[in-house]
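Listed next: structures, encoded as structure tokens.
Look at the two complexes coming up: chain A is in both, with chain B in one and chain C in the other.
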Partner chain A sequence: MSEKTDIIKRETTVPEYSSQIPAIRPVVDIYENEDELLLFADMPGVAKENISVTVDNGKLVISGVRNLHRPGTVTQEEFSDVKFHRTFSVPQTIDVAKVNAEMKNGVLRLHLPKSEAAKPRQIKIA
Partner chain B sequence: MNFKKLAPWNWFKEEESTTTLPIKHTGQVVLPRKPPYGPIAQLQQEMDQLFDNFFKGFAQGPVGTGSFFPGSLSDNLLKPTLDIGATEKEYTISIEVPGVEEKDVTLEIADNTLTIKGEKEQEREEKEKHYYRMERSYGSFQRLLSLPEDADQDAIKATFKNGVVTITMPRKALPQSEVKQIKIK
Partner chain C sequence: MWTRVGDVDRMFNTMDLLRTRMNRLFTDYDNFYGDDFGWRAADGTPRTNLYDKGNQLEIQAEVPGMTKDDLNIKIQGNYLEISGTRKSDAPEGYKVHRAEREAATFTRSFTLPSEIDAEKVNASLSDGILSLTLPKIEAAKPKQVSIS
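The block that comes next holds the complex of A and B.
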């Protein structure tokens, strides 16, 4: 049986993630100052190694999986295992190479520095 | 069979009693309600109460929506979501508090009630000029939990990790209630 499968073709029928756990959008705050865009995303209970941040083609994707290992029966549940996932478009002016992220107290903090060309410049009058 | 063990403990006894604040009807003149007369009026009041209770629970949001501090619309205090689990040996309570520093969380026990409170402060970092999105909530938060009889209040432990506070409480064996025999004279 010869079955040609293009290696770079994305299989659209196969979901990229298992849909066992619900996916939700993390709430975010986004600020801007002269040097950078700052993004804070609430992702409580997600371990650092379970977070992925990608910037590709002007698209910023943040995702993280929360795996709460809870023994015994749960008698009251207001939050559960989820997959946080959210996509943003980032402007061209962002210097993708310098984007850095940190995780603190369940909050993902993303620094998106502006490229030098995009920063406001004072032009001296000679 | 010990049925008492099966009966679900009402953890929110205290919380319910403190949240029965007068309901605010914004933008609407509230006429003082006359005490209901007659069975129909009474039934109506009961129905109203039923609806109120239903929507009060509704404000909590469905499980796992991740909406942080869901009950925050009704009063000024934020109510972080929490989970309660139980094994034979211990109770586990976890509370979602992203962005809160460990030192800003206080746990207190008084009169069999565990109070989890604290303050979520807005990150003041680098000259923030303006914002595009402001979805996260800030301010004081509080949850009250009534502790079950068999919770060992002296051996409560709490850990803080990734914005989730986890409290573990060992369960102790309850002293058997004394059986008193009454003699028939």
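The block that comes next holds the complex of A and C.
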């Protein structure tokens, strides 16, 4: 009897930590001009090392994990550890090799330059 | 009859297991639909955490995109006020596709659970989180009482 019970109990205590951090979509601003698309995302508390930005097949995924340090007992807690995660469709005209990202004061800034072929061109009449 | 207790026990364990699995299922479901409503809580002020460390209190607040010049902290006794301005960082000459991040000013005040030594308060800003270390005054610190 005890052996079978143990197996069941062991299974219940296996931690599946990854699924315990809630994932939320960060708020973003998206701007565009002739040369590039510009994306700002609020991800307060996420360290630069914990951010990943991938562009694959017209899909841009930004993701970052926030690990807060808890210095003592909690008196009041309105925000906690989360995973910021959001997916966007980006036009194929983005020059993936030149995408550049920076993180400043908890805001991710993403520059997505358009490829030369996609930029508007003035055509002169010969 | 008591020889059957093991079976009953096992059945309940299995039901517990099922319940845990079901709970996890909903967590996963939630994960895909979670939404962030920006850096401000419902009343328009940054979300804050307050921790008690015994000798000191520590406050953390979400202030993404703000620099130390944008923030103002006032302390008197056990009253704390954090105010600030988030300036718009919209670039010039760009077409706007999406604007979810708001620029705003806010003031949030707290009545702290104990009096604070305002001279020794330390504030720091990293990755959009403001951290305040607030040492309690001597009278409010926990005391060790030895038995005579």
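In this text, the second predicted complex is superposed on the first by the 109 of 126 C-alpha atoms of A that agree within 3 Å, B and C clash if a C-alpha of one lies under 4 Å from a C-alpha of the other, contacts with A are read in each partner's own complex, and residues count from 1 in each chain.
In this section, contacts are C-beta pairs under 8 Å (C-beta built on N, C-alpha and C of every residue); 3 or more make two chains touch, one makes a residue touch a chain.
Just so it is clear, the model here is predicted, and its values are computed rather than measured.
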Fit or clash - chain C, chain B, common chain A: clash
Touching partner for A:95 - first (chain B), second (chain C), both, neither: neither
Chain B versus chain C as contact partner of A:106, first or second or both or neither: both
Touched partner set for A:28, first chain B, second chain C, both or neither: both
Intersection of the chain A residues that touch chain B with those that touch chain C: 22, 24-33, 38, 40, 42-48, 68, 70-80, 82, 84, 103, 105-107
Residue numbers on chain A that touch chain B, as the complex places them: 22, 24-35, 38, 40, 42-48, 68, 70-82, 84, 103, 105-107, 109
Touching residues (chain side chain A, partner chain C) in the complex: 1, 4-5, 8-9, 11-12, 16, 19-20, 22-33, 37-38, 40, 42-48, 68, 70-80, 82-84, 103, 105-107
Chain B - residues contacting chain A, complex: 8-9, 11, 60-61, 63-68, 70, 81-88, 90, 92, 94, 96-102, 123, 125-136, 162-164
Residue numbers on chain C that touch chain A, as the complex places them: 6-7, 9-10, 13-14, 16-17, 20, 24, 27-28, 30-32, 34-39, 41, 47-54, 57-58, 60, 62-67, 89-91, 93-101, 113, 125, 127-129
